[in-house]
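Note that the chains take the letters A, B, C and D in the order they are written out, and that residue 1 is the start of every chain.
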Amino acid sequence: MPSTFPDVSKIQFEGTKSKNPLAFKHYNPDEVVEGKTMKEQLRFSVTYWHTFRGQLADMFGVGTAVRPWEDGTNSVKMAQKRARVAFEFIEKLGAPFYAFHDRDVAPEGKDLRETNRNLDAVVKVLKEEQARTGIKLLWGTACLFVHPRYVHGAATSCNADVFAYAAAQVKKAIEVTHELGGAGYVFWGGREGYTTLLNTNLKREMDHLAKFLHMAVDYKRTIGFKGQFYIEPKPKEPTKHQYDSDAAACLNFLRQFDLLPHFKLNIETNHATLAGHTMQHELEVAGSAGACRLSTSALGSAAAMVTSSAPAAATATGFANGSTTSTFMSPTSWSSRATRRPTRENPTSTTVGEPPSSPCRCR
Amino acid sequence: MPSTFPDVSKIQFEGTKSKNPLAFKHYNPDEVVEGKTMKEQLRFSVTYWHTFRGQLADMFGVGTAVRPWEDGTNSVKMAQKRARVAFEFIEKLGAPFYAFHDRDVAPEGKDLRETNRNLDAVVKVLKEEQARTGIKLLWGTACLFVHPRYVHGAATSCNADVFAYAAAQVKKAIEVTHELGGAGYVFWGGREGYTTLLNTNLKREMDHLAKFLHMAVDYKRTIGFKGQFYIEPKPKEPTKHQYDSDAAACLNFLRQFDLLPHFKLNIETNHATLAGHTMQHELEVAGSAGACRLSTSALGSAAAMVTSSAPAAATATGFANGSTTSTFMSPTSWSSRATRRPTRENPTSTTVGEPPSSPCRCR
Amino acid sequence: MPSTFPDVSKIQFEGTKSKNPLAFKHYNPDEVVEGKTMKEQLRFSVTYWHTFRGQLADMFGVGTAVRPWEDGTNSVKMAQKRARVAFEFIEKLGAPFYAFHDRDVAPEGKDLRETNRNLDAVVKVLKEEQARTGIKLLWGTACLFVHPRYVHGAATSCNADVFAYAAAQVKKAIEVTHELGGAGYVFWGGREGYTTLLNTNLKREMDHLAKFLHMAVDYKRTIGFKGQFYIEPKPKEPTKHQYDSDAAACLNFLRQFDLLPHFKLNIETNHATLAGHTMQHELEVAGSAGACRLSTSALGSAAAMVTSSAPAAATATGFANGSTTSTFMSPTSWSSRATRRPTRENPTSTTVGEPPSSPCRCR
Amino acid sequence: MPSTFPDVSKIQFEGTKSKNPLAFKHYNPDEVVEGKTMKEQLRFSVTYWHTFRGQLADMFGVGTAVRPWEDGTNSVKMAQKRARVAFEFIEKLGAPFYAFHDRDVAPEGKDLRETNRNLDAVVKVLKEEQARTGIKLLWGTACLFVHPRYVHGAATSCNADVFAYAAAQVKKAIEVTHELGGAGYVFWGGREGYTTLLNTNLKREMDHLAKFLHMAVDYKRTIGFKGQFYIEPKPKEPTKHQYDSDAAACLNFLRQFDLLPHFKLNIETNHATLAGHTMQHELEVAGSAGACRLSTSALGSAAAMVTSSAPAAATATGFANGSTTSTFMSPTSWSSRATRRPTRENPTSTTVGEPPSSPCRCR
């Protein structure tokens, strides 16, 4: 496949004096800080959704992302091509990791069998690209919130069929993450919560969620997947009350259902502030949980994976335009988030350009 | 056209003891309260967007609205059919008014000429239905926020072409509102605001907005439209700072640019609370502005039109399912809002069903 | 002692038609609801602080409470007199319970010995009044936040002397609660939290807090106190992060340190909303904890004690003026809170009158 | 009078490498930036309340400030001594300005005559100290919120006597500011707002407030005071709704009542964020008002005076302890704010030490 970004070479560290918009000013991968290189300390990852799938739409307008490589279809072929574009982007950016939702990388089919087949077809390409570039998978996850079937939750849905479908989807997502050598697997309970207590049995839904996660833990063992399981706390959206609202709520749940030995937390800056806390607080709470496998550092980062967004994070779009470069760094993962339209979590947005070709979206 | 809701008769007042889900429990149109009938006091209006166009999507998932009459296209023919469905709904509900955005009722065409032609084709049907039913237009408005051209604002866009296009769109929307005998015309500055002050000349953008509104005032005079102009205050979304953030900010702007004699405020409950105020406060501020044509009542409602949403407002969908009826009333307009997915303004949602057939959306 | 409220008789239930300001309109103590009298269902309690000690001051002004029976001193004699006034008030109001902080009912002395002696002197009066009226103690608690020694916390203070002093104070408060036949004992970690993580070892402070509470549990056993221990969740004030920020955070802590069998939660409406939740949510979380001794009702109230305030709650002051009566009811306790100046928790206030005579205040 | 801080010399600029806690690291008064010295650009002022009067109390505990020079009285003599201590502090800090509320510098007497006499006695000392040091008065203001008489407002009180008393107090405060050569005079409507609209006639109260301010403008002319009048926007505390809630609300009010030519805005960072805005936004709104006497700079600072607090601002207490120095700078005034207990505006606090000797407090 010809290069999508032919005019862009690998982004280099050029120091704070550089005026080159496509250069790192602060991130020098080989510089040793506290006994490790910055690359080892800061395990940057490009998240597929933020960078390649978000359309920069909001509740008040259609998307504005410009991605010249898109052909306007949501086909498997386009998904495979997109994967190769993504790896060219990540490779030139110099990020050691990437991360994805299942529905980001491959389209939903007419039934589970076709959907899984679609996923396999793209995973094949991802595998080739991982081998070609040395870029690794930081985590995989299943998108259990975009499709209308999940309107009332996945593991906490009032519909047993939905629970079963979600379980099948997670099963496949763990398999694929395992196949790609993923370092971890993330659960974000996108619609696990309630709109009103008037029609919700909170206790029962929590039981279902615990059951669901225990099944995932069992299956992980069955197939020999050694990656870390994570829960990603987030409050308030899309449901009125998200069960995984903050670190303390997640830990309480994990303790109650004997899941703490199997999970760590994936802390996100905007989620922390949306919960009325600070990022540091959430890290500290996670770090003090006393159930981490790794040793605990000052701010508890060993107990938690960090996800963040940046006001001016590099985007594939911006990259294509040669107009921006990433200057954002966070301890263990790298959300090279396409700037997008506001949710509560991301109240600020900057957008440019034309309407999107695809209505699909994940978190 | 055959009835879309053949099993539903006109909704009647049956009192608080009624168990009939399709009956009014409190709203008795002919009951006299403080010298006027409830129908005269409470000038309920069904808003086209909330009831017939919102897909019940959110930032985390596709729409779930079920509307059996939709054929999956965004054609003029479908728009005309939808208008007749809407009037059957409004008539059976017994609301004396409706309200719409231009892009709700008719699809965007390939250029302004085609777009206007589309609108005219549907307005013809609306006119017939108004005549048939006696239902009147409370207000019209132009949707200046969904299309990507408005990404940086309409009257406050940095692009002169966008200003011109928005002006042409508003011109047509006022003409159509006039033609349909609309009692008012509303301006919601959906994208009039800023994402960051770093690239915004606030003073200049306010000047442009004032210029735009003066042009609208002039044109209203030119064509002899006698309806009231309204500005609808709303803060925080979709831009970080909306210029029309609350009643006080709107009044300050209107005073500064000598527009106060020409505008009143269209106060919305959720917008008031989103601004950190109460609905009562915003009404009081509007009412105390001393620039109202009408006499001022206790809470200043004479200076303001009231828009509200209700947790369990009647929806065309629910109506079709025979499962809900509207028990919501507000002083002068009636947002029979389809329950929808969360924005900041509407943090709670209840949704059911299948994905939407149309990607189009307005506020 | 002569009556303090000679013109007020016992408040009677007179029904919703009554125009008598000193009558219950809804609360009929003897009316059976769901198999129990309202008095049994709604275990109203008058909280000493809210009703007799708060000065109605705020951060921007001195207090405005008017209490003609106060002599302007903070003496033991005044405290004893105040206790008799309180019981006349509670008796006439018909509340079956009262509740207090140690420093509400008796003044701090020059050292612990004198302080305890002061408390004993007033407890003697409380005991007499309980016997005379049949009013019972719902809970006692220790005020570990007003005195400057607690500026950095009590159990979580960086100063071992403060930990010891707090332990001694709690010991005495439990003894006194036991002596008065209290149904429960409440811990509100008023200053257990942090201002900044930069100088805080969160994990260590949580360990200290757990140690402190285990000591209390041990001592309760030692002296044979059978009342229920409660923790009262509250976020954000007075420290930036309160360790007991919400129900989930409390439960996580109680589970982590094997304290869950010994504690239930004392849920407060304003604390719930301040945490970004609803009262119903917090009750539901507490009720679903699976560690309650009592059976769980629909909203989990069995797992939690409920504390609430009301905009127009009866106050001793208003009572004296004959101008207000309490129409506020909540399931198991009754905060007859003197309307007071704003904190974050209580953003609204209505105050009248003259400056306070005493600078002392508790929560 | 002997030195209060004998071990502290004048604070010098020593650059960013200095480890001296009592040295400026960034503020070099004589360094020219954009054509003016930093001293001229940054017109730092020490605010009397924040530095010498706040007790570091909060709603949940008594004060903890340590000020060895205080004798525990609220006498005129103590006030005169405190003024000399303040000037030693300000002089050693090198701030060119100070600012005060009338009740900060001198105690309330038994009536207006005595109160004014008290003020005159201290003003005499302030004048001497100004002459001795060359330090100037940036602004004076009247404290219309601490005394119980102002419980329902000053200019917007429902009590005509309170309006009259407030007017007399402002008259004296303007005279004293004039006498001391103050560069400006600030109005903070501390209790001008409402707790509930149910008992408030907002329109009438705004009329009263406008009348009050017009009287102040007239009196300023009468006595020839040339300083600038400012209104300080602040929302939410202490009343539920403060009339001067943000810059837009103030400007709307000033335009409505023809006061805009006579007032500028005194913008405060915490007040801006409490209103849901940013400091930059509020400055921009003030700057774009088009009614400033001075030319408008990029962020409108010409139209506004800036007040800010800093997490580690220098305090007289800290200064005495030799433990902190001010590293805080803002464009035109300098709030050397004693770190204090939380209000909504100041959610974080760090406090040390012993209880306060004096109950008096102003904003």
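The rule is short, and it goes like this: a contact is a pair of C-beta atoms (placed from the backbone, for glycine too) under 8 Å apart; a residue touches a chain by one contact, two chains touch by 3 or more.
The structure displayed is predicted, hence computed values, not measured ones.
S.K.: Check every other chain and keep only those touching both chain A and chain B; list them.
M.R.: Under the touch definition, chain A and chain B have no mutual neighbours whatsoever.
S.K.: With chain centres defined as C-alpha means, what is the inter-centre distance between chain B and chain D in Å?
M.R.: Computed from C-alpha means, the inter-chain centre distance equals 45 Å.
S.K.: On a C-alpha centroid basis, what's the spacing between chain A and chain D, in Å?
M.R.: The separation of the two C-alpha centroids amounts to 48 Å.
S.K.: Indicate the residues of chain D shared as contacts by at least two other chains.
M.R.: Within chain D, residues 236 contact more than one other chain.
S.K.: Where do chains touch, given as pairs?
M.R.: Listed in label order, the chain pairs in contact are A-B, A-C, B-D, C-D.
S.K.: What part of chain A is in contact with chain C in the complex they form?
M.R.: The touching residues are 197, 202-203, 206, 235-236, 241, 245-246, 248-249, 251-252, 255-256, 275-278, 280-281, 284-285, 287-290, 299.
S.K.: Which residues of chain D touch chain C in the complex?
M.R.: 57-64, 145-148, 150-151, 190-191, 195-196, 236-240, 341-344, 347-355, 359, 361, 363
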